[in-house]
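Order of writing sets the labels: A, B, C, D, E and F. Residues in every chain begin at 1.
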Amino acid sequence: MKFVMAIIKPFKLDEVRDALTGIGVHGLTVTEVKGYGRQKGHTEIYRGAEYAVSFLPKLKIEVAVASESVEKVVEAIASAAKTGQIGDGKIFVYSIDQAVRIRTGETDTDAL
Amino acid sequence: MKLSSVLRWGAPVLAVGLLAAAGAYAQEAAAPAADAAAAAAPAAPTPNKGDTTWMLVSTVLVLLMTVPGLALFYGGLVRTKNMLSVLMQVMAIACLVMIIWAVYGYSLAFSDGGGLNSFVGGFSKAFLAGVTTSTTVESFSRGVVIPELVFVCFQMTFAAITPALIVGAFAERIKFSALLLFTVLWVTFIYFPMAHMVWWWPGPEFASTNPAEATVAGAGLIWSFGAIDFAGGTVVHINAGITALVGALVLGKRVGYGKDLMAPHSLTMTLIGAGLLWVGWFGFNAGSNLESNGYAALAMINTFLATAAAALAWMFVEWMAKGHPSMLGLASGAIAGLVAVTPAAGFAGPMGSIVLGIIAGVICFVACTSIKNALGYDDSLDVFGVHCVGGVIGAILTGVLVNPDLGGAGVVDYTLDNGAGTAGAYSLATQVIAQCKGVLVTLVWSGVGSFILYKIVDVIVGLRVTEEKEREGLDITEHGERAYNM
Amino acid sequence: MKLSSVLRWGAPVLAVGLLAAAGAYAQEAAAPAADAAAAAAPAAPTPNKGDTTWMLVSTVLVLLMTVPGLALFYGGLVRTKNMLSVLMQVMAIACLVMIIWAVYGYSLAFSDGGGLNSFVGGFSKAFLAGVTTSTTVESFSRGVVIPELVFVCFQMTFAAITPALIVGAFAERIKFSALLLFTVLWVTFIYFPMAHMVWWWPGPEFASTNPAEATVAGAGLIWSFGAIDFAGGTVVHINAGITALVGALVLGKRVGYGKDLMAPHSLTMTLIGAGLLWVGWFGFNAGSNLESNGYAALAMINTFLATAAAALAWMFVEWMAKGHPSMLGLASGAIAGLVAVTPAAGFAGPMGSIVLGIIAGVICFVACTSIKNALGYDDSLDVFGVHCVGGVIGAILTGVLVNPDLGGAGVVDYTLDNGAGTAGAYSLATQVIAQCKGVLVTLVWSGVGSFILYKIVDVIVGLRVTEEKEREGLDITEHGERAYNM
Amino acid sequence: MKLSSVLRWGAPVLAVGLLAAAGAYAQEAAAPAADAAAAAAPAAPTPNKGDTTWMLVSTVLVLLMTVPGLALFYGGLVRTKNMLSVLMQVMAIACLVMIIWAVYGYSLAFSDGGGLNSFVGGFSKAFLAGVTTSTTVESFSRGVVIPELVFVCFQMTFAAITPALIVGAFAERIKFSALLLFTVLWVTFIYFPMAHMVWWWPGPEFASTNPAEATVAGAGLIWSFGAIDFAGGTVVHINAGITALVGALVLGKRVGYGKDLMAPHSLTMTLIGAGLLWVGWFGFNAGSNLESNGYAALAMINTFLATAAAALAWMFVEWMAKGHPSMLGLASGAIAGLVAVTPAAGFAGPMGSIVLGIIAGVICFVACTSIKNALGYDDSLDVFGVHCVGGVIGAILTGVLVNPDLGGAGVVDYTLDNGAGTAGAYSLATQVIAQCKGVLVTLVWSGVGSFILYKIVDVIVGLRVTEEKEREGLDITEHGERAYNM
Amino acid sequence: MKFVMAIIKPFKLDEVRDALTGIGVHGLTVTEVKGYGRQKGHTEIYRGAEYAVSFLPKLKIEVAVASESVEKVVEAIASAAKTGQIGDGKIFVYSIDQAVRIRTGETDTDAL
Amino acid sequence: MKFVMAIIKPFKLDEVRDALTGIGVHGLTVTEVKGYGRQKGHTEIYRGAEYAVSFLPKLKIEVAVASESVEKVVEAIASAAKTGQIGDGKIFVYSIDQAVRIRTGETDTDAL
């Protein structure tokens, strides 16, 4: 099994979720994160204090999938999340050894 | 010390009676109303300090409605990223209009307009010329006056909140510079004339000592229809509400409308705002009596009951229609009730106000849910559905509920009993027709006028921010700050 | 124009003196109080506009206490997932009670109840029949009146906030429909009778021109004990507080109580609420004077000092006992002080109020921490520990602090000096016993009555939501919305 | 019933005229002012209920400014972890000062100080001795009085908010115990004397019936300069502002200042606070008229216009200088305008107030941005830049704008027309010099005095929390609670 | 070493922590996340706007453990977090190459 | 490629980011988390209710780097985040199979 973790722009969440549902992935976990990268931030001014804000709001999406689906999942996310603008984000894939569905105790791909 | 005759609603049944029998009057057109009234005043009355205090307090209450009341009510309904923009829009508009009011607004609204007097005042009081700590204006009782400066302040808060109401329609997408420019134009060409048309009349002293025709001749257009509006249902709510709808249509929908989650970022703020609006509205409605007496109390109880009734009505109808009674529904209903009772506050009876509230709550619910969704415009915060629809309901039903037979207060006919405040005859049809005429003029003047102003502003500075800015939120892109850094 | 004699506390020492020497009076039972008073009034006094303004403002201030004040104070203390439910409960109760008040509540509280007059009024003023812009009610000074509609509004806000106070006891678990039903029953069977028992009396005009026995005979039960209560310590706070305790016991603890983190989701909101409660409470306390004079000022300074003293007392005792002075402690102390000074506001002297505040702050702290934890009931937001305990302290100590020797104002005996407002004789024992009797009747009437009502509501619609809904939070499950979408 | 002559600003032009021709007066030093005034009063005037109501309301409004107004304005500007500490500091200070005020503060500020009378009052009114529901104090019109208890309350709220203003300077790092101790010392040695120096004078009755020299001889030091200050620009704003600067310097910068993100955690709260400050400030400014008449209305309109003008001025200048108009800028400008118009409120004309607002908005912007950054002190919430700078601007320009030729109200000379309220002669140089002397005395008294007090407190309990506690935040480390548990 | 990541219902946090402490695990990291899966969400209505909210609040728990403890850790979490209702969540296990305790510089199992 | 995940004290974020930028790492993702470990929490009291709060605010930093840079990245984070006080946090390293830059479709080290 693999874990696909994607950092995307927040307003792309619904599109990504739809894309994943479209290819049969029905579970995922989302986290609000802040990203730092090439995309430039902005300056905030509060009276005399100016702050260069370089961390931008992003969403992290995590999906556990069977190894054989990884490619199409990455594909789906990549195309749904893409705007072509800087800051679109990244997708990382790594292996997982085990998965358990707490409710039933099912394991591995049955658990996803 | 000269007695100003600048005053407001109060005796339009007189006008109505007059219009019904206009031919009966033989006298020539009256001298310009204000002068005549001033001349007619034998010994200048002095303000009662209880009245003065009431008006000082009422003025403060209307400011409370605006900042922080309205700002929070609206602010809570937008997304986090636009919170500050809304707070700022409301407050900046209020500040801007206050300055304009002192410079020429008061004069355009509340001075004699000469040849244009049916539509707008003149510049004789520009820069508050002649307004001092000792000048006064009449209330609606003959011989009762308040310091003119208090009246200037009180009316200033009305002028300040009205354009701020419109903000809800194009929140989350308007350019700040466009908003400021629009506000300047709008108060100048729409609000001040509307206030003059509805609220300018020669006053009780003149009306008590002159034939009704003379009084009507010296009044603003809508006043002269015989339409009654206790605290500004037309000038404030219908006026702002229709401008809002036009704005929503001209600016177009928000990016992502109907697709993205646009849930209110903090209904807590909305509730605080709703509460402060209610609290402040007593200054608005009961303060519009300009005098601290039983009629102020009547306006107060009506403002309690119509609001409570509308809040509950919206809540129950939503409960039935959607399965849950929501806090936003309860609060929206309260505002709908407040809007609807505004023109009726000192005219309806308490039981009539409950009925009015129920009707307003139900109809505004339908307007903000089914009708809005059916028509598909994006009036972000339902300014049209609450203020225009609620305002029209209130304006028309005021014509019904003022009927003493329904527990209403009737309308004073100053030509009776030497101006003692006796109610004149009431005719349902006449009064309702007068009300409808007032509503129609308002819808047309404000609808057409604001459409033109939007277009002008669009040409000069552009109305909308870019899509990218809209997506990032106005707080950062327009104002360089964020509402929360938790 | 008929002069209503519906009025409130003010001269019960008269009653006390009377009870002590009841046999001395030979005259028969007086005619029904209101009629007699009306008959006795020779020329109807007209309201002073300063008084009218003060009562208009006071009314608005009491609304501010409720919405948004109380709503925020309570709302901040619950978990995020129940925020809206609390805001909505407070506001919906207020709206509901306002309508009921106009329909029959005012009449049940403030009209003659015929044979039941000791306990409750009648229906003669249902639908506000006979209440017009020109009817008036007496204040506590002979010959001083205010418009009846203002009094109706002012008292309406008291009726609206009292059941809303109870919300704190069963917050986070009550079913919304059950709450509405309970509110209707509770105001009808508990609040309106309590208000009548405590506040209904024949008024200064009658009392000044009739023997004391006749005045007592026409008054409500607790009034006739000679108990004094300036602004509603019994009717509002003890009444709500004991109902709250019963509610907490009947509904049972929240799921996870004592185990899960149930920390206040936003003490910021609680502070805003506490501030607005304090601000609004001046309408409550100083407004209860019904007249704008030195006694209103006395009620004001006492409401400042007792509150400040109680806030500091709670803070310091918590600092010593728990190691930290907390903002919630400071705010809770302030509310405890406000509650305790409510019955004493126009009776105690400033220094007495400071003492009262310190006592209330310390005892309420103990009640909300040690005692509550020892007994183990889950009164979510400490309505009992603050309002009932603070209310009882205030009610009893009012009997002590009114003593002119302690700087108190004394109690007017209207039979002296032709009703000029002279204080009567003071007896510590007599007064404190009268106070205790008032407290006891309140605790029993409200405690037993509300227990029955809870059971009835439980049978009809069920009091509590399911455990699953409670866990998910009432905002989503009962109201279909969320407080924050940040 | 004795008539207190404790009163405030109003006729210092009289003093100015006097100083200019001091040698002309032959009479000996007047008897102690209060006694003389009391003796001079032939028949005690009774309070007008309209005035009483206005002062009751104004008092409530000033509380609203403090809690929750100021607490929120400041609270929103700090980081989440210090939110409660700020809310608590403001409220605890207010409570503490209220108690002190009743115990000896009122007496030190508003009673005759015997030999020290130029600087401070005595203890004759300690524990509010002799202050009853029937004692009164004069307003600024001869023969117009208000209940003394109302005056005590009104002034109490001024004493309560002033030290709370200072909090902004050392927020996020001061030890709570140090703050309490400092507050006790500061009000005792700085505030009460300042209030006495600026506001203590023999009153209109005395001034109308005695030579000007006698009036001046009985007044506080700064009053005797002929400086005018309508609502406390010196006593409140310059006083708090300079103490704040000294505090910021003595305590030193916050850990991480200039490096870490210290953005306001909730500008929403700051906006609510700013709104409530504005609303409440009408009690502060228009209430300082002590009477409900055209001058209260003048103070009101000036408080609207200067505020709006300053808010817009800050916004536009920031827009030009920094590229964005910010909500914090708009709100800060509003506060700057409110501060600046405080001394000028009843003296300037409306157009003068607009000019004053613009100047204050621009200069305070520069003070809070460029100057502050250049000097490098860490006045966390810009108390100095807004209150001291704005206060000085207001104090000095009041001397200019009071000029009747510029639309100002002039200053009453009670020796004219039997005390009817006629304005005396105006001299720009004389008045501005008097204003500057008042400002200088305030800066020195408060600057030096507070420096000493900070050092004393530092020795006794230590001013700052440890770095570790500062990093974790004062809410948890000092108060054991958190503002938000979302 | 292994990383055990569990998505659980928020109100189960204390029980899970207690279970872990019970078997000698004294460090963990918690993140507020939103989960999408079979558990149905709810509808929110704001005046005329209705939103189907399908992301539900969950907590993500991350525990680094020595490889040999994985089984009992998974076990402990699974039984503590279980309600038997849909939406109980998942547990995922993956390998980590290295662990460092910042304060001391200790590495690997010593760092946990 | 490797993923370096660090749990640090919140006020150390800027220093850590600077340290990473210093060694040429220009992208990272930050999450607000709560940590439970040896560092003791505090007690909060709300009227009669006392809560021992043992979860402390921490930041999780995630950086994907080429395998060869891991050491110096770990080093950089460790030294920037260190205060020497208990609760400084941990660093975990694990392998990732794949990385994609959404905007361009670049993969693996090119995507970082």
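By definition in this document, a residue touches a chain if its C-beta (ideal position, glycine included) is under 8 Å from a C-beta of that chain, and two chains touch if they have at least 3 such contacts.
Predicted model only: the values in this text are computed from it and were never measured.
Asker: Which chains are in contact with both chain B and chain D?
Answerer: A, C
Asker: Looking only at C-beta pairs that count as contacts, which pair of chains has more of them, C-E or A-D?
Answerer: A-D
Asker: Can you give the whole-Å distance between the Cα centres of chain A and chain E?
Answerer: 18
Asker: Using the average of all C-alpha atoms in each chain as its centre, how far is it in Å between chain C and chain D?
Answerer: Taking the mean C-alpha position of each chain, the two centres sit 35 Å apart.
Asker: Quick one: chain D and chain E, Cα centre-to-centre, how many Å?
Answerer: Each chain's C-alpha centroid was found; their separation is 56 Å.
Asker: Got the chain F residues that touch at least 2 other chains?
Answerer: 31, 44-46, 94-95
Asker: Name the residues of chain D that each touch 2 or more other chains.
Answerer: 48-51, 53, 57, 261, 263-264, 266, 272, 322, 324, 326, 328, 480-482, 484, 486
Asker: Counting only chain pairs that touch, give me the topology of the graph as line, ring, star, complete or other.
Answerer: Per interface graph, the chains form some other shape.
Asker: Show me, using the given definition of touch, all chain pairs that touch one another.
Answerer: A-B, A-D, A-E, A-F, B-C, B-D, B-E, C-D, C-E, C-F, D-F, E-F
Asker: State the interface residues of chain D toward chain B in the complex, per the touch definition above.
Answerer: Against chain B, chain D makes touches at 48-51, 53-54, 57, 61, 79-80, 261, 263-268, 271-272, 274-276, 278-279, 282-283, 286, 291-298, 300-301, 304-305, 307-309, 311-312, 315, 322-328, 330-331, 334, 350-351, 354, 409, 484, 486.
Asker: Quick check on the complex: what are the chain D residues that touch chain A?
Answerer: 77, 261-264, 322, 324, 326, 328-329, 332, 368-370, 372-373, 382
Asker: Give every residue of chain A touching chain B within the complex, in rising order.
Answerer: Touching chain B from chain A are residues 11, 14, 42-46.
Asker: Which residues, counting only chain F, touch chain C once they are in their complex?
Answerer: Residues 44-49, 51, 53 of chain F touch chain C in their complex.
Asker: What residues of chain E sit close enough to touch chain A in their complex?
Answerer: 2, 6-8, 31-38, 55, 58, 60, 70, 74, 77-78, 81-95
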